[in-house]
Amino acid sequence: MKKLIGKGLLVATAAILLTTSSIASAETLRLLTWGGYAPQGVITAFKKETGIDVQVTKSNNEGMISKLRATRGAGFDLVQPSQDRIASAQADFDIYKPIDLSKIDSSQIIKSMFEATKANTSYNGHVYGVPHVWGTSGLVVNRKLAPKIMDYTDLCSAEVAGKVSYRLKRPTLIGFAYAMGEDPFAAYNDTVKYQAILDKVQAKLIDCKANVKAYWSGGDALMNLIRSKEVVAAMAWDAGGWKLNNEDPDVTFIAPKSGALGWIDTFAIPRKSKAEDAAYKWINFVMRPEIAAQITAAAGNFTAASNGDEFVTAKLKGQFQESFPTADIDNIKWYPPVPAGLEELEGKTLDRIKAAQ
Amino acid sequence: MLTDQHLIDLECLSLSKSFGNFIAVKDLSFKVPIGSFFSILGPSGCGKTTLLRMLAGFETPDSGDILIKEKSVLQVPPNHRPVNMVFQHLALFPNMSVSENIAYGLKRRKMSPTDIEPRVQQMLDRIDLPDSGNKQISQLSGGQKQRIAIARCLVLEPALLLLDEPLGALDLKLREQMKIELKRMQAQFGTTFIYITHDQSEALVMSDQVAVMNEGVFEQIASPQELYHNPATAFVAAFVGDSNKFLGTICKTEQQGCEIKTKLGVIKAKNNSLDVGEPVSIFVRPEAISIDLSFPQTAEHLQAHNHTESKANHFKAIIENVLFDGARSQLIAKHPLLDTPLNIAYPHATADIPFSPGQEIDISWNAEDTLLFSASGALNAA
Amino acid sequence: MQPDKNKLALFLLLTPLLVWLLLLIVIPHLDMMLISLQERVAAREYRTSFSNYIEFFSEPLYINTFIRTAVMSILATLLTLLIAFPVSYYIAKMMKGQSKQILFLLCLIPFWVSELVRTYGWMILLRESGVISSLLQSLSLVNGPIEMLYNDVAIMVGLIYGSMLFMIVPLVTTLDSLDDSLIEAGYDLGGSHWNVLREVIIPHATPGITSGCIVVFMLSLGNYLTPVLLGGKDSLWFTEQIYTQFITRFNWEQGAALGMLLLLLSSLIVWLGLKLSGQSFRKVMS
C-alpha cells in the first residue's frame, strides 16, 4: 500500500514538475502516447518546422486514464487513448476537453474512420477524439510448432499445453466470446446478457488456465517468450506479429477465424492542456502522408491518414495482405464505445479467472 | 602411594598451547590436591587465562594431557567436563531469574523439577540469599551476583571450580569482603578452586597454594608465606609483595654468606651459592627495614631500639614523604646515591614519634632479609 | 524568556519533520480513507458508504487473496529467519575484524541494484530457457527443459532473497552485543548446542528477531514486483489487487478501501504475532 501511495505521490509530483516546467518554456508539447507513435525523426522534423519541443511519455489505455484521473486532466497536453475508452472515461472523470474540429485538417484523414471515431467519442454532443493509428488484435503463431491454431479457443487445445500466452484483460474476454459463438458487442448495453456471456467465457478461461504459460502484460515480455519458443501461440497485436515475422518467418500474425478485433487509437486533449495550439499543430503534422508513413514504420500499424499507405514499405503491405485476405478485413470486429460500468463486470470476471487454481 | 594419588583433583602433564607465534602455555606440569584453594597469579598475557580455558574445555592444548580425578578429559567437550567456571564478568543469564540461573545446570542433567527446586533453595540458603530466588539478575548488587555465579556452579558439585578473576569488576571495599567470603565458601563446600588473578593480594589472602605464572611457565608453586618469604626467582620476589630492588655484583663470599657491591654501598646477605663477580638483583621487603632515629633519644628509646645495632646492613636516609594508610602506612625515603626512593614500613611500635619529610633516619635490616637472585637469568621486575 | 526560546528552537527543529509526516503520511492516508468511503452511484456521482469495505468481506476473492498473501508472507518471514539466523551468527560470532565487515558488505551488495533488476535476475535463472534449466540439461540430469518460474516456490525464493538483508542487519546487531562468555557459560554448565541456542542465544536475540520479522513481513506483504513477475498467472497477491483497482479498473474507491484494510489487517497480524511471542512493541524498539 505504501508503494501505491508512493506511486500516487510520484504521479502528483511529476505532474507538478511538468506543470511548472511548461510555464518555463511555453512551447513544449507534453504527449502521453503509446510506444512507436512518436518516433524521434518525426519529433525532430516537427521541432524544425514549428519550434515546439515534444516531450513523450509512453503508456497504455489504463495508464493514460489513471494519470489524467489523478491530476483531473492536467500534466499532459495531448493523449492517445483508444476510441472506445474515451466516452466512458469522460463521463466518469471529466478529464478531456472537446476537440475544436475547425482546427483539424480533415482532408488528411480517411473520411469513414474520422466519422466513426467522431460518433464513438461523443459525449453530451461534443467530440473528444480524432483517429490516428489503427490495428487489430488476433493471434501470433509459430506456424511450424503450432500449425493448427486458427482461433482464440484453439489456444486451449492439448497440443499447445503450457506453450500459450494471452493478456488477462478485456480484449481476451471479447475475443474468446466471439470464438465461442457469442456477440459481446451486441450485448454491450444489456448487462444481464453481457454477464451471461462473461460467465461462459470465465468458465472457458479457467479451464484453459493450465494451458497458459504466463499472462503477458508487456509487449516486450511476450516477444521474448515467443522468440525463445517458450510460447508458440499467443493472443497479441498484429504489429508485434509482423515484427517477429521479420526475425523468424515461421512466426506471424493471423486473423482468427471468428474475426480480429479492430481498435483505433485517437488523439484527445486533456481538460487542463496548456499547449492546445501545439497539440492541433502536432495532429495536423503527423497526419501528413509522409509523416504518417514514418509512424507506421515505427509502430508497425497503419494510420488514419489518407494516402498514408502509399509511403509504407512493400514488406509491411505484404505482411498485412498475408494476414488479412479480403474476407478477413470485412470480418474485423471494431470496438464500440464501452458503456460505463461494463468494465467493473469484466474486472470481476478477470479477478475470478486469476484466482482460480 | 595409592592414597596420595587419590588426593589429586587435577593434574596437568606437559601442557602446551600457542597462538601463531605466541606461546601462551609452555610445557606446564602440575598437580592440585583435592579440596584446596589453588591460585594462579601472573601479569596479563602470562597465559593464565589460556590455561584456565583449556581446563574448562574452551581451548584445546597443542600437546600434553589434562587429568581430572585421574581421567584424561581432553576428549570431553566443555558441557560434559566435571568442571565449572565463574567468568570474569560472571555471565549470569540476564533473561532468567536467580533461581532459573541456578537451576540451569540441573535442568541440563534432566533432573525433575521436584528435585531441582529443593536443591536450588538449599543453595540459596547456603549463600545467605534465601529470598532472592525470584529476583531478576539486574536487581542484585555486585556481591550478590558474585555469590549467585558461584552458587550456579557449585550446585552441580563439580570436581573443580574455575574462577577467572571474578573480583576484578568490584570496587575495593567489596573486593576485600569478597576475598574473605570466597575463602569461607571454599572451606564450606570443600570444592577444589582454581583461581586466576593478577592481583597478588587476592592470591595471598585466599589460597592454600599459589602458582606464579610468567610467560607461559610457573615460576614457583608454594604456599603464600613461602612465596613471600622465600621467592624462588627474582620475578616472584618482585611480583609478590612490595620490595626495594637494588642491582649489584658479588664482591666477597664466605661461609656465612656474601657481600654485594651496590650503588648504596656494600650489602650483606646470607646466601652463599653465588660466585664473586656475578651480577645480582637484591630485594628487601619494606617491613624488613627498621628505623633508628637520628635525633637525640631518651634512654627508653635507646633501649627499645638498641637491637638495630646488631643488624648487618646499616644506612642513612632522608624521609621524603609519609604515606599514612592505617595499618599499611609507608615511609618514602631517599638516599643520595639512589635514583629510586626506598619504601619502608611505618614503624607502628614507635607511633608516638612523629615522622616528617626532610628528617634524617638510620635504617637497617638483617642479612637474612636480603633476597638475592642471579641477574644473569634476568627476569626484570618492577 | 529562556524556556520560551528553547521551545521556539525545538519547534523550529521539529517543523520539517512534522511537515514531512503530515504531507507524506497523514494527509495521503486521510485522503485514502475518505476516498475509500465513497461509492459510485452514477457517472460523476458519489455517496458516502461502507460498500467498498462490505465488498471486501462479501467477495471471497479478496479475502482469499488476502489470506494467501498473509500466509505466504508469514512463511517467507519464517524461512528468511531460518536462513538468516545461522548466517548472522556466523558473521557476528565466528568472524572477527575485517572479514566480518567484508561478509557484512557482501550481504549488502545485491541491494545496490533495484528490486526490478534483482527480480529479472531470478527470471533469467529460473525460466524454461534459463540458466538453471540449460545447465541441468547439459549435465543430462533432466530430459527437456523444465519450467521453474511462475509458481509459489519462485515467489517464495524471490521474497526471501529480497528481504534477507532486512533480517540479517538486526540479527547481526543483536548477536554482536551478546557476550561470548554467556554462550560459554551455557556450555560450561552442561548445555548442549540446542540448550545454549534456546536458553541463551535466542532470548538475547529476541528483539532483533522480532524487529527483523516485522520488517520482512511488512515488506513481503507490501511487495508487488516479486509476486507479479515470478508468480505469473497464479501470483494472486493482495497489493496486485490494489494496483489493479487503482490503475486498470479506475476504481480508486475499492482500491483505497483495500489499501486501508491491508494497513489495518497487517497491523493486526503484527500485533497478534507480538502477543503470541510475548513481546511488546516498546521492547522491540528499545
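By written order: A, B and C. Residues from 1 in each chain.
Definition applied: a residue touches a chain if its C-beta (ideal position, glycine included) is under 8 Å from a C-beta of that chain, and two chains touch if they have at least 3 such contacts.
Predicted model, so just to flag it, every value in this text is computed and none were measured.
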Chains linked by the largest number of contacting C-beta pairs: A-C
Most centrally placed chain - per-chain CA mean versus overall CA mean: C
Between subunit C and subunit A, distance of the C-alpha-averaged centres to the nearest whole Å: 36
Between subunit C and subunit B, distance of the C-alpha-averaged centres to the nearest whole Å: 57
Whole-Å gap separating subunit A and subunit B, where each centre is the average of the chain's CA atoms: 91
Subunit A residues within the subunit C interface of the complex: 1-5, 8-9, 62-63, 65-66, 69, 89, 91-94, 162, 168-169, 209, 212-215, 228-230, 340, 343-344, 347-348, 351-352, 354-355, 357
Residues of subunit C defined as touching subunit B within the complex: 179, 181-182, 184-192, 195, 199-200, 203-204
Subunit C to subunit A touching residues, read off their complex: 24, 28-29, 32, 40, 43-44, 59, 61, 64-65, 127-129, 147, 149-150, 222, 224, 232-234, 236, 239, 241-244, 246-252, 255, 259, 262-263
Subunit C partner contacts - residues on subunit B that touch it in the complex: 56-58, 77-80, 83-85, 87-89, 91, 93-96, 104-105, 108-109, 152-153, 156
